[in-house]
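I've put the structures underneath this note.
First chain A sits with chain B, and in the next complex the same chain sits with chain C.
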Partner chain A sequence: MKSREQEYKEIFIAEALEYFDALNRHISTLEKQPEDEQTLAEIFRLLHNLKANSKAIGYLQISDISHKLETAFSLIRSKELVFSDEVVTVLFDGIDMLGELIHNVDNPKFSEPDPILLRNLDIIVENLSESTIELAKVQKYNTSKNLSLSELVYIQIKKLDHMMNLVGELMIDRDRIISISRELGNDDLKSVSSHLYRITEDLQYSVMDARLVNIGSLFNKFPRIVRDIAAAENKEVNLSLSGQDIQIDRNILQIITDSLLHLVRNAITHGIEKPEEREKKGKKAAGELRLSAQSDRDNVLITLQDDGRGIDMKTVMKKAVERQLVAAEVAKDLADNEVLSFIFEPGFSTAKEITEFSGRGVGLDVVKNAIDSIGGRITVDSEKGKGTTFILQLPTSIAVKGALLFEVDNIYYAIPLIHTDQVVALDRDELHEVGDVIVANLKGETITVVYLNELLNAPEANMNLGDKTRLNGQVQNIIIVSYNNRKLGLIVDKLYRQQDIVVKPLSKPLQQIDIYGGVTLLGTGRVCLVLDVPAITRYFINMRQGRGDGKE
Partner chain B sequence: MARDKSITNPGATAEPKAAEGQTQGAKKGEADVAQPEAEMVHLIVFKLGTEEYAIKIDQVKEVTTTPSVTRMPRTPDFVKGVANIRGDIIAIIDMEKRFQIRPAELIDGLISNQSYTLVIEAKDYSIGVEVKEVPQSLNLPVTKIDKAPSFLQDVSVSENFIEGLAKINNRLIIVLDMHKILTQDEINQLSKS
Partner chain C sequence: MKRILIVDDSFYMRTMLKNMLSDAGYEIVGEAPNGQTALELAKETKPDLITLDVILPDNTGLDVLKGIRAEQPDQKVIIVSAVGQEVIVNEAMEYGAKSYIVKPFSEEKVLEVVSKVLSE
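Presenting the complex of A and B:
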């Protein structure tokens, strides 16, 4: 693996060479049509970028010459310098020199740029119209230039998406072949299929790698955004960034961009207080906003933390009861994280109401849906007066996911690992019928448990989620899933292994059935349904509420 | 579009039947043979309930024996489930349930757990339609299809799907437009459940 620095350098060189080619093209055009404003502007832009890029990465000679050339062209643009023959020669020489430098950035033996040329450049820039001073003849380094093509190709993300899909298909077929080769027991087939396994694995990682971008490409936009929002709100905010080097799938980053912007905006407008208010509370006048990224096994965690006023649990609860999201008597006993989960409810707050009572939650359901759509998780933690923290847990890749396989009523299902907390086996006696649900006591934590077979297969009219007698067998396998700060235990019939799966989206007309996140094919060729944890949790809540209200 | 429009021969029984269907169509259509310029249409004919239905062949991607279908809980009952057909996972639809067609009583001797699936290619997706008997192939002149029968307003089966009625030697074949089989209403209905 190349170091990050080496990679940056290669990208710089490739880009610089492209600029160099473009400069050559444009200056040749300009020689023929000196009046062409557009070409001049383009040359200007290229030199300017080259100057900035080379300076950023530390190639000062390149940035120096770019700067001189840029100045010369700005004079030409403002008609202070005539695009005459001798000026043209100097400019061509200067651009050639840039090319030499770019080609030789890594060559320690390469000498300093020709001082005569540098002087010539200075002369045309500084002496303007007084053409009395002789321009010295520059000795050419090499007249027979090598033609070379760029080391970098730009590629449309669409093409990478297509490749990723193909790799997904290939993996499914590979698993099928491996399972067939096991059945047949042919040694040749076995060795070929294990080789195939390694190659597809490599291919998969290569394609995934090609899609990775630095989180910094998004994070680095925030200092300016934060400054602007803070200025508009008359607030002082210090933004600190970390983990810009962490890499993530480009499409995932694209999908969360709006969400992150939303959260940052919320944190400043509603979270962080005005300077005077902060000082009264004994806080520093400037609010602290931390945006950080870190890798966590196969996931990327993005944390946004502010030290603002936090979320007031009591008002959230009051609002939740008002909106009939929860019964008043139940609300009293909810844990903090359960209360906080209400802020993600659709329409939980419209802008006005929320600023009055807690200042959070404008369209947080939209944020949540975006995160859900890529199979990620969002959690929130807040303490009144101390601040709020949002944690986004994101997969590094969209297509391939670790998942837990299981069976319910002879149908294979999978749940992405990002939503599973733990797996437990409990005796039937450890499950209790409380009201219209079953609950289990797990290390002091009370968790609602639901029999998936009942939830998925019983006719909706006589579904009974609180009836233990519908369970099969004595020992129950339970997958604890977590969604929106809430835990739910899913009782399954048989538990299988953990496995990387390629989730295929459901094709029309089924793609609108939201309890399924997609399907996958197992090595045996069997179809396995991938459950969407957010949707199944919602479905469960709807079924309970429907019954509670006497509907259905 | 429909690249491999091969009709996978589903079994030994299929051949004579399909052939018979074709010869019938050709023999009784003598009048049309006399005018070779008459536009022909190629249909795949199958039975739902006790009636014959047909789909134009260019809407049919393939005919195959029904592979194992994975039931999908919490979908409308006319969705039998999903099946893996050559690596594509497609929805299998029970048309009798879909159109509330009374299933035919089982004829003695024809009891089989074998069924056939027509893979229909819509604009941007495929669906499978399960039928109990081997579908037949039939060529007939376009003129034999009555495009706009006035009675359609009275038919309970949503008239949108019926492209016309083909009448040929005392047979009446209902020609369906499969592209309209799942209209927006339908899709909405799916998402609600």
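Presenting the complex of A and C:
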């Protein structure tokens, strides 16, 4: 893990080497045009920055020599010192020495700067009145100087985004070539294409890797934030962090920043009780807030856990019924996790008060939308009096997703693996018509099942999601997806394979169809629609309510 | 969250300032490495506070300060300078800078000056 000190040091060295190169360039210009104001000003600025930066990081020799050189150049600027041959030599030597020192900040064997050179610099800077300046010949550190360039480059995120897009395009073409090579049965083409497969895979991971940053870069901001919020709320909170060295795509981290801040604020403002209240309940006066990250195959899990008052199921249920999110008679039979999922509904908030830090009209639905937008998922678990835990499951990369491919009515679809729980094959006799839907019983759990062909393709007036006779064949392939604690079974015609896909956004006229998260091209060249599980879950609920109540 | 614009030609200095300030809960709305960008970003982001290095590649910091104050007379600006720049700092204070920080700076000092100026 890269500590902040290490990061500072790398930045310092990279920038110092840039300055060193620029100084060499400018001083050569100055030798030809000794009066050039702009060049002098630039040299002065570079030395000035080098002095300040090296002093800040604690490389005092570099800062000392930069300071002396800066003084010399300001004297030249104010015409108190002439940029003559002897002076030029000393200044060149001084800049060379800076370079040596910068290159050797990590080298314990590197000796002190040459005292003769230091004295020469002092003579130039201080003993101006003496007409005869004796400048001793400085022995050069090394005659065969190595040219070395910085080990670090800075890249704008948008350049990395562009690279990632190109890699995506390349992967699509690659899959196409592999598929063609299979069709043609040409062994040479097959071997080239399998090599191409490995190379593009490597390339994909390299680009993804270049975009990764430590989660610590976000986590490390929280101690201070937590302190401030806790102080404002008169609460005591101990924050513990773990997993700061887990890596994640920089853009994903950017997108979840506000969400995580929101959850942390909520936990302190609404979750953790005031010290007196906690002591009455037999808890420690200071609340515990735990923020941790874990790596889980292709995902990163971020967990935020507090030991506060927890979420009151009864309040949530009451509110859900009030807001007509669920009928009262249904609500009382819901499992805890189903009740909790209501807190992610738009405009749902159980907090009674609005404080400086929490509840400025931003609800958990905004958090959920942000997580959905990057193909992640958020779940919550809470026990009254004991505390609340939020788990954010995030992809490590945005562009490439593991997906399950299937077919409905001769059209190819993909569904991201992050939302798929399992795949089952059930006999149609195991499916039951209940009210206006079909349900299946899976290991004691009743799951609503929807025939995708009916939902996607039937004209709205004629749609019937509870009619088993519309199913084709005896055995039904069902993909169980889950979103916000709701499970839904999707009946598909044919199941294919798991595959990494590159999701492309839909083009303009199709953007409105929000049940599709995008499209991808398969190796065969066929277009494949990517289903957006959150959207299709909502769509299904709307269709059902619309039909049930005659609304919409 | 108070919004701050950082103007400094050194990436190292900007990174340090950015980390110190954002750790303390401030939002960094932009970073400008030169005077031109500083003027553009000041206008575009209208921050609560600007930290301004006095020695910049294109304009001097003083010109930037004058430029910003001409467009946004109430803009709060803190001068960041190194030892030996007292003359410029004094002049900057006359042109309406609220306070100054001397490099190399400590985190405590930066936060103290920033929060003082922001609460004025």
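In this section, the second predicted complex is superposed on the first by the 390 of 552 C-alpha atoms of A that agree within 3 Å, B and C clash if a C-alpha of one lies under 4 Å from a C-alpha of the other, contacts with A are read in each partner's own complex, and residues count from 1 in each chain.
Quick note on the criterion: a residue touches a chain if its C-beta (ideal position, glycine included) is under 8 Å from a C-beta of that chain, and two chains touch if they have at least 3 such contacts.
All figures in this text were calculated on a predicted structure; none of them were measured in a lab.
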{"item": "Touched partner set for A:I11, first chain B, second chain C, both or neither", "value": "second"}
{"item": "Partner chain in contact with A:L471 - chain B first, chain C second, else both or neither", "value": "neither"}
{"item": "First (chain B), second (chain C), both or neither touched by A:V424", "value": "neither"}
{"item": "First, second, both or neither for A:D228, with chain B first and chain C second", "value": "second"}
{"item": "First (chain B), second (chain C), both or neither touched by A:N53", "value": "second"}
{"item": "Which of chain B and chain C A:I172 touches, first, second, both or neither", "value": "first"}
{"item": "List of chain B residues in touch with chain A within their complex", "value": "68, 70-75, 79, 82-84, 87-91, 122, 124-127, 182, 186-187, 190-191, 193"}
{"item": "Interface residues, chain C side, partner chain A - complex", "value": "9-13, 15-16, 19, 22-25, 55-57, 82, 103-105"}
{"item": "Footprint of chain B on chain A - complex, ascending", "value": "169, 172-173, 409, 411-412, 456-457, 504, 506-510, 512-516, 519, 521, 525-529, 539"}
{"item": "Partner chain C, residues of chain A touching it in the complex", "value": "4, 7-8, 11-12, 15, 42, 44-45, 48-49, 51-53, 55-57, 154, 220-221, 224-225, 228"}
